[in-house]
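In the two complexes that follow, chain A is the common piece, with chain B as its partner first and chain C second.
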Partner chain A sequence: MNEKNMIEVHNLTKTFTAYKKGKGLAGTLKSLFKREAIHIEAVKDISFDIKPGEIIGYIGANGAGKSTTIKMMTGILNPTSGYVKVGDYIPYEKRQENAKHIGVVFGQKTQLWWDLPVGETFAILKEIYQVPDDFYASQMAYFDEIFELSEFMGQTVRTLSLGQRMRADLAASMLHNPKVLFLDEPTIGLDVMVKERIRKAIKDMNQRYGTTILLTTHDMSDIEELCHRIIIIDKGKLLYDGGIDTIRKEFGYERKIVFDLRYDDATLVEQTLETLIPSVDGCQPDNTTYQLSEGQLTVNFNRNQVGVSGIMNFVLSHFNVLDFSVQDMDIEAIVKRF
Partner chain B sequence: MKKLLRTYLPFTKAVMQGFMAYRMNFYVYILGELFQTVVLIYIWFAIFSSATSEVIQGFTFKQMVGYVVMSTLTSMLIGNEVHWDISQDVKSGRIATNLIKPVNYQLLKFFNCIGNIGINLTFLFLPLWGGYTIFDFISNGVIPNITNGLLYLVSVSLSALILFYINYLFGLAAFFIEYVFGFIFAKEAILKLLSGQLIPLTFFPKGLFNVFKFLPFAGLVYTPTMIYLGKFSEEDLLFNLGVQAVWVLLLMALTQLVWRKAIKRLTILGG
Partner chain C sequence: MFTNAKRYIKLYGMFLSHYLKAVMHSRTDFIIGFLAFFLIQFGGIAFIALVFRQIPDLLGWSFYDLLFIYGFANIPRGIDHMFTDYLWLLAGNVIVEGEFDRYLLRPIHPLFQIIAQRFQPDGVGEVIIGILLVVYASIKGGIIFSPTKLLIFIVMIIFSTIIYTSIKLILSSIAFWTKRSQSILFMFYSMSEFAKYPLEIYHKFIRTFITYIVPFALTAYIPASYFLGASSLFKSLGLTILISLTALFLGLKIFNLGIKNYESVGN
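After this line comes the complex of A and B, so read on.
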């Protein structure tokens, strides 16, 4: 190894043991004495390395094992086998030491103090991470510039909007200038403006301090704009580890149009749809797929080979369309293709 | 030491500041506790007025009122929310946000607990104790004994530690079983009885009393209250303080052991 890795993940496996609960009262009583163990393999034999300063998109469907991996990298969970190394530490063996050098945002949960004003929260974090006074002052000025924190500095955390809370949470995770930043869905549920601001801040942080960043997301634009490299996992297994370009080349031209249709006879619609591929210019079974369910027609196609107008013309002239939207291919669909 | 305080005192401060948001809740709860105390005093009044002797198990009625008041104040003073906080942390998955910080979880909860006690002391113990002392002086001419007061401080500090460890252990139970509420309520009821909060432990049959006095619960309320009232002989005093100190050490070791098991078992709920 020539260059030192910031993060090493080696044959990482995590198996959870849960116990089956019996049905009804009798079952519950029975399970008090005899329990049936179920082993859930959340992460299976995953290995990858991350170099300092990289921004990695860590992608997978819900329940793919992303959060479990992050929890092992942050020292909260012990792996069943294999190991993780972050910087110089094995996180779950030296949790507190490791914690000094990492920042974490769980998009679903805040790490701020619910009942305290935002400003107080930062003062507390300053003490916990032992941030020197002058660095604290410069960080706060910097955060104010990129997150506009002063708007809500005096408000208690529980009164913040989701966007404000996320900005505060991100700032909190960056306060002590960590070497590695773990962002678990930092843009979840946010509007486009706030998302944009958060992406800018992440990029800025990476360029300014060379912070290594690992982020999970369901948002394709997060990945396109931020990530140098992506790692895809599904059902606990590693599917893809490589540059964003391959993905972009293969799936970047994928588009999806969703139509809301009104019809009485679904079979009639199905029959008409069968003529879609033969009758639209450029459409082939391998570059166009469609799906009809409960009044919603979803058409996936490759923008480079098929014209949007061809598909639009076909659908609009054959069906009663109530509404439609054109979308980028989503991550779930990409994962399914592997 | 200074570094330790700088890191952990914010957790104490956070509890105290957070308290301001839930003040009403706190006072309503306390009102219920005080009502119970008044009922208890009336029951003792009825018992003493129907009794043939003025002294029952070494207590006169006035001393019994003193016991009821001081035992209530003591249990209010040492009370903490650690068990609820931990089970909440585990249940909601918020424990993850604590564990990503470079802090020791037990110390964090300990400093939370100091915050609870700080609130109890300022908003409950001092005003109520002051009121009672003035009342006792005016109506009975009693002035609190300084030595007993100082010994009480030592004993109640040990009580606070014992209760912290007990509650911490009950909180950790949440790592092993998902719903700890039943356990916690059962614990609360048992504590009331075995700690001497409801009646002095000497009122139990001799055989039971001889067992109870060795349990950690006796050290919670009974020991400091008896010390404050000056009802212990020198020998009893040393024995009971000794029992408290031994339990602090035992529980300290036990919590370390359980924590190590708990953290291995941790499965974080909610993603």
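After this line comes the complex of A and C, so read on.
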């Protein structure tokens, strides 16, 4: 076993057992006596190691098993088989010991107490994590600098905006200077300014203390700005583990244009779309894809081989376009390509 | 170990002072809860008084004896109500909504976090009523409290409270397997009403059931009957301590086992 690893994940598997429920009253009664078990494999045989100080992007589509893996690394869940080691501890065996050395943020759900003012929250966390007075003071000053906490220090957590809450949650996870930070969707639902601030804080924390960070996100720019290495999982299986450069080389020139169209006959639109690839300069089936659903046309293409203007010209001249936007390729689309 | 206990006490104090501050802020809420509670208690006492208008005594128990038991029952119930009210929510939506995750992410015991999460001031009313009734019934019924007896009284209240908490803990921990257990908790918790009256009035089956299976009899009738001279100290106190510690042990075991079985939820 390599001594230098901060996180070790070996052949990790988690299977949930659910029971099929019968339909109607008769079915419910029947399932009381005879239950049919369904096994759901959320995580299948995943292995990877993470070195101290790394920032890892852990990505995959919704339901790919990201959160389940994080829950095993933080000790919330017991694995069905395989093992996890974080620092010196097996998290689900020494949960409280492990908790002293990690910080966790779930973007979807706050870890803080709804009814407590932010200030009191930190005073209580100081006690829970036994943070020494002088370190506490310097951390709070530091957080105030990067998260501007004093703006809402007196408010209760319940009254915070999403952006403020996320700042408070992140600061709370970093208060005791954990060796490892697990950030599950730390930028979800935030506007660009707040996202930028949060990324800066994450980067700063990593440089200042050498904190190992594992983060999941749907935002490609989070990954580009923060991560040196990414791990992609899909349907519970490991798809890719390696540098961000490979991904950037392969998908960095991918662009996506989304059009809102108005039309009466969808089949007619489909028929016209079939002429898109043959008629636009540089378009090939392997560098351009499109999809039409409920008035929204999404075109993915490689910026290096296909001109944006060609595609725009084609769509604008053939359809009634209400609105459009040009975006970077999203993570779901990348996962699909593997 | 000792510093750990000190840390837990300090933490509890921090949570408590916050809740007391919050209670002060919503005083109307507190007063309404308090009043409603007095009305309920008044109904219960009026019922006993009404029964004794018709019959001079019940299987050898006088009106003041019954009042004493009734009052005694309110004290451990009220103390438990003040401190462990969050267990009702554990049996409710905490597990099904994945809220329990957060308690597993902090380096203190999840049960402590759950208990510290809430302070229920309604319980204060129950304790006050209980003490008033016990004092009144003692004076009228000629029960004399020596310092030793007072000490025994306090010890009995402590262990009776442990029984309440343990029963709630065991039943709410079932939610780790069933996701929710509020209805089963409610069903059994209602049985504590039985403990407010002498056991003799019940069928043997119920007597055994609320002494050994869901031991609410030990939260009122059995300990109280020592003071009424109907039971020996050894039997009342011994049984109360024995069963309360057994129940607490079981409760903690089941709770910890439940954590191992906890499956969280997807996002």
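A few comments on the model shown:
The rule is short, and it goes like this: the second predicted complex is superposed on the first by the 335 of 338 C-alpha atoms of A that agree within 3 Å, B and C clash if a C-alpha of one lies under 4 Å from a C-alpha of the other, contacts with A are read in each partner's own complex, and residues count from 1 in each chain.
Simple rule for what comes next: a contact is a pair of C-beta atoms (placed from the backbone, for glycine too) under 8 Å apart; a residue touches a chain by one contact, two chains touch by 3 or more.
What you see is a predicted model; the values in this text were computed from it and never measured.
Once both complexes are superposed on chain A, the partners chain B and chain C clash. In the superposition on chain A, contact is made by A:Ile124 with both chain B and chain C. Legend: residue contacts after superposition of the two complexes on their common chain; A:Ala99 is shown touching both chain B and chain C.
Contacts of A:Gln111 after superposition on the shared chain: both chain B and chain C are touched. After overlaying the two complexes on the shared chain, residue contacts for A:Ile76 are found with chain B and with chain C alike.
In the superposed model, A:Arg35 lies in contact with neither chain B nor chain C. When both complexes are overlaid on chain A, the residue A:Lys4 reaches neither chain B nor chain C. Shared interface residues of chain A (contacting chain B in one complex, chain C in the other): 16, 67, 71, 74-78, 95-97, 99-100, 102, 104, 106, 108-109, 111, 113, 115-116, 120, 123-124, 127-130.
Touching chain A in their complex are the following residues of chain B: 3, 6-7, 9-11, 13-14, 17-18, 21-22, 92-97, 99-104, 263-264, 266-268, 270-271. Looking at the complex, you find that chain A touches chain C at residues 16, 62-63, 67-68, 71, 74-78, 95-97, 99-100, 102, 104, 106, 108-109, 111, 113, 115-116, 120, 123-124, 127-130, 184.
Within the complex, the chain C residues that touch chain A are 7, 10-11, 14-15, 18, 22, 98, 101-102, 104-109, 117, 260, 262-264, 266-267. Those residues of chain A that touch chain B in the complex are listed here as 16, 67, 71, 74-78, 95-97, 99-100, 102, 104, 106, 108-111, 113-116, 120, 123-124, 127-130, 156.
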